[in-house]
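In what follows, structures are represented as structure tokens.
One chain, chain A, appears in both complexes that follow, with chain B as partner in the first and chain C in the second.
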Partner chain A sequence: MLIYDGAVNPLQPYRLYMKKLQILCNGQPQEVASGTTLARLLEDLTLPADSVVAEINKKIIDRDQYATLKLAQGDQVELIRFVGGG
Partner chain B sequence: MLRVNERDYPFTEGMRLGELADRLKPGADMLVLNGAPASRDSLLQDGDICSLIKTGEIPSALDMQHTLTARHGRGVQRRFKQATVGIMGIGGLGSAVVLSLAKIGIGRLIIADHDVVVLSNIHRQHYFIDQIGMKKTVALKKTLVRVNPFVSITALDIKLTEKNIPKLFGDVDVLVECFDDPAMKAKALRTALQHLPTTGYIGASGVAGYGDANTITCRKIRDRVFLVGDGASDAQDSSGLFAPRVGVAAHHQANQVVRLILDLNEDE
Partner chain C sequence: MLTIAGTDFTSRLFVGTGKFSSSAVMERAISASESEMVTVALRRVDLENPDDDIMTHLDREKVRFLPNTSGARNADEAVRLARLARAASGTRWLKLEVTPDPRTLLPDPVDTLQATEQLVKEDFIVLPYMNADPILALRLQDAGAAAVMPLGAPIGTNMGIQTALQVAIIIEQARVPVVVDAGIGAPSHAARAMEMGADAVLVNTAIAVAGDPVRMATAFKQAVQAGRTAFEAGLGTRSSSARASSPQRGQIGEPLNFIEE
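Showing the complex of A and B:
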């Protein structure tokens, strides 16, 4: 979500700022831009989406939801990443 | 009362193991007393458990179970015999896991893979040169029959998917993920967590190379769900896969199968 916050930078009063969200990712506090999808989070973490099992607030997320599921304030994200070999 | 090859036999004061063998199994050359090998002149005591074995003889199912019981203990072996374990993928990890579980007498094993044995498998997977070109399910089943003919083997020559995993492995006590492909590893765990919530699960990630074997651990990630490996060593990297380190991981997995069957649901 884009919000106008003229107070943040008086030199650029019309600049639109991305609202930030605080999430917990594998127990670590992390800040992401509002509207960040699960797929985008994985990209930022350089994790290949196909090799990751994701759980948000104790619910396992289907692979086909990664691209559309937007993170919300306070989400508890658990990521399990697999590497190849067997 | 004595227990001899799983049958009760009256105890007499002063009786020795060799006399018992001569009476009940002439030609027996391996005598086991309360779980340990013993000599012919071992003096028997009331309540002793004896196994009398003739080496080279193909044992009956009952003899096999008697022997395993003498080695593992009665309570443990009963639970092994009643257990069903599913193994997804029978390559480097899976073939070693399955062999280990057949050896200890797990009652039923469901193995699934759709690959064929090729020369490049032999360096780390439990197949033989004369099995190159055979379906892995067929080849491994032939080996398992030689290891323990009394384990029920269901061999599925099938490509596993998120859809068919819950159906094929719906009634197993423990499911072991032994895939090579990281996307399949993720799919399998996802579907197990969603659709098989009470099934024990042991996955693997990070088994490549020849780094310190002590960095391979078995980590509990959920109730009855474990991950084996160092979490990082990728087979795509130049180091590749090596029989010793893959074997360490496989036997971590097999050991955790045992622990889940025995309701030891902790990683300590």
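Showing the complex of A and C:
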């Protein structure tokens, strides 16, 4: 299905015509283009893949799957990393 | 030499990395402490600050990572965090923390034991944070814990070793190392734990929130060394009446009439 969602963004024109998926990323609703891989999501968030561990629907994803794993409608994505703690 | 799960440690001071005012201060404090193992927590990435990454501030050549499961309220959440910690760090080492009550942050003994059993099965090196309960320490040890970490006082309270009697029993009975964790608010508290025979202490808040965390880290390093040396040297026994250090014979002066001898 093709959707035109209004204002034209010249930087990402192809996305205007692609199906959108709703996901939850760290608890926040987000919309990504159909076919977006986990690697692409991290890139868009400017997160180096080796600095985080990703969990989708409570399943830990191996880093070597990031480039091929495509997000699906309703996925609950958790991007987690180490912080200071006792 | 302290050995946990076949790994030798020269330093008996473990340091937590929370609450520091900056990563630079944390780095310098860890360096001053000469600690060889630091705890870290797992949290969601702050998507507004994607560059804020503690891993870039810790030299894993010098310090071993001990990820914790802080935030876990039951065994299932702790196991989930443990698996994430292993995936994120590649280490099997884990400080198991199950704290259902945010007010006291006291550890849940039942879920801590259950999670220890599960994680040992999954080949983790489990160091459970526990209340200072000698029987629970034996149960955790039997479940395969690599060390036990009884609390001195609730996390972040700086109240010292309020649980001294129970900690002493734990130390007396344990076959695995005993690391006194939580409540250590001053170098004297750390020294006391070490004098009692604890194998190590874990300190975070007292260093991180000190006026000068780097100097406080040095003070804790010295206190832990002093306390350990004192334990190895063997403390004298306590007495309820005075025992003069100077000779009682050959004193000048006459008897006092208001003291019965």
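Simple rule for what comes next: the second predicted complex is superposed on the first by the 64 of 86 C-alpha atoms of A that agree within 3 Å, B and C clash if a C-alpha of one lies under 4 Å from a C-alpha of the other, contacts with A are read in each partner's own complex, and residues count from 1 in each chain.
Throughout what follows, a contact is a pair of C-beta atoms (placed from the backbone, for glycine too) under 8 Å apart; a residue touches a chain by one contact, two chains touch by 3 or more.
Note that the structure is a prediction, hence the values are computed from the model and not measured.
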Of chain B and chain C, which one touches more of chain A's residues? C
Touching partner for A:N26 - first (chain B), second (chain C), both, neither: second
Please indicate which partner A:F82 is in contact with in the superposed arrangement: first for chain B, second for chain C, both, or neither. both
Using the superposition on chain A described above, determine whether A:L45 touches chain B (first), chain C (second), both, or neither. second
According to the stated criteria, A:D64 is in contact with first (chain B), second (chain C), both, or neither; which is it? neither
Using the touch definition from the top, say if A:V53 reaches chain B (first), chain C (second), both or neither. both
Across the two complexes, what residues of chain A are contacted by chain B and by chain C? 51-53, 55, 60, 62, 80-86
Given the complex, residues on chain A that touch chain C span 25-28, 45-47, 51-53, 55, 58, 60, 62, 78-86
Residue positions on chain B within touch of chain A in the complex are 89, 91-94, 178-183, 185-187, 189-190, 193-194, 203-208, 221, 227, 229, 231-236, 241, 246
Which residues of chain C touch chain A once you look at their complex with the stated criterion? 16-20, 26, 39-45, 47, 50-51, 53-55, 65, 67-68, 70, 80, 83-84, 87-89, 155-156, 182, 202, 204-205
Please name which positions on chain A make contact with chain B in the complex. 48, 50-53, 55, 60, 62-63, 80-86
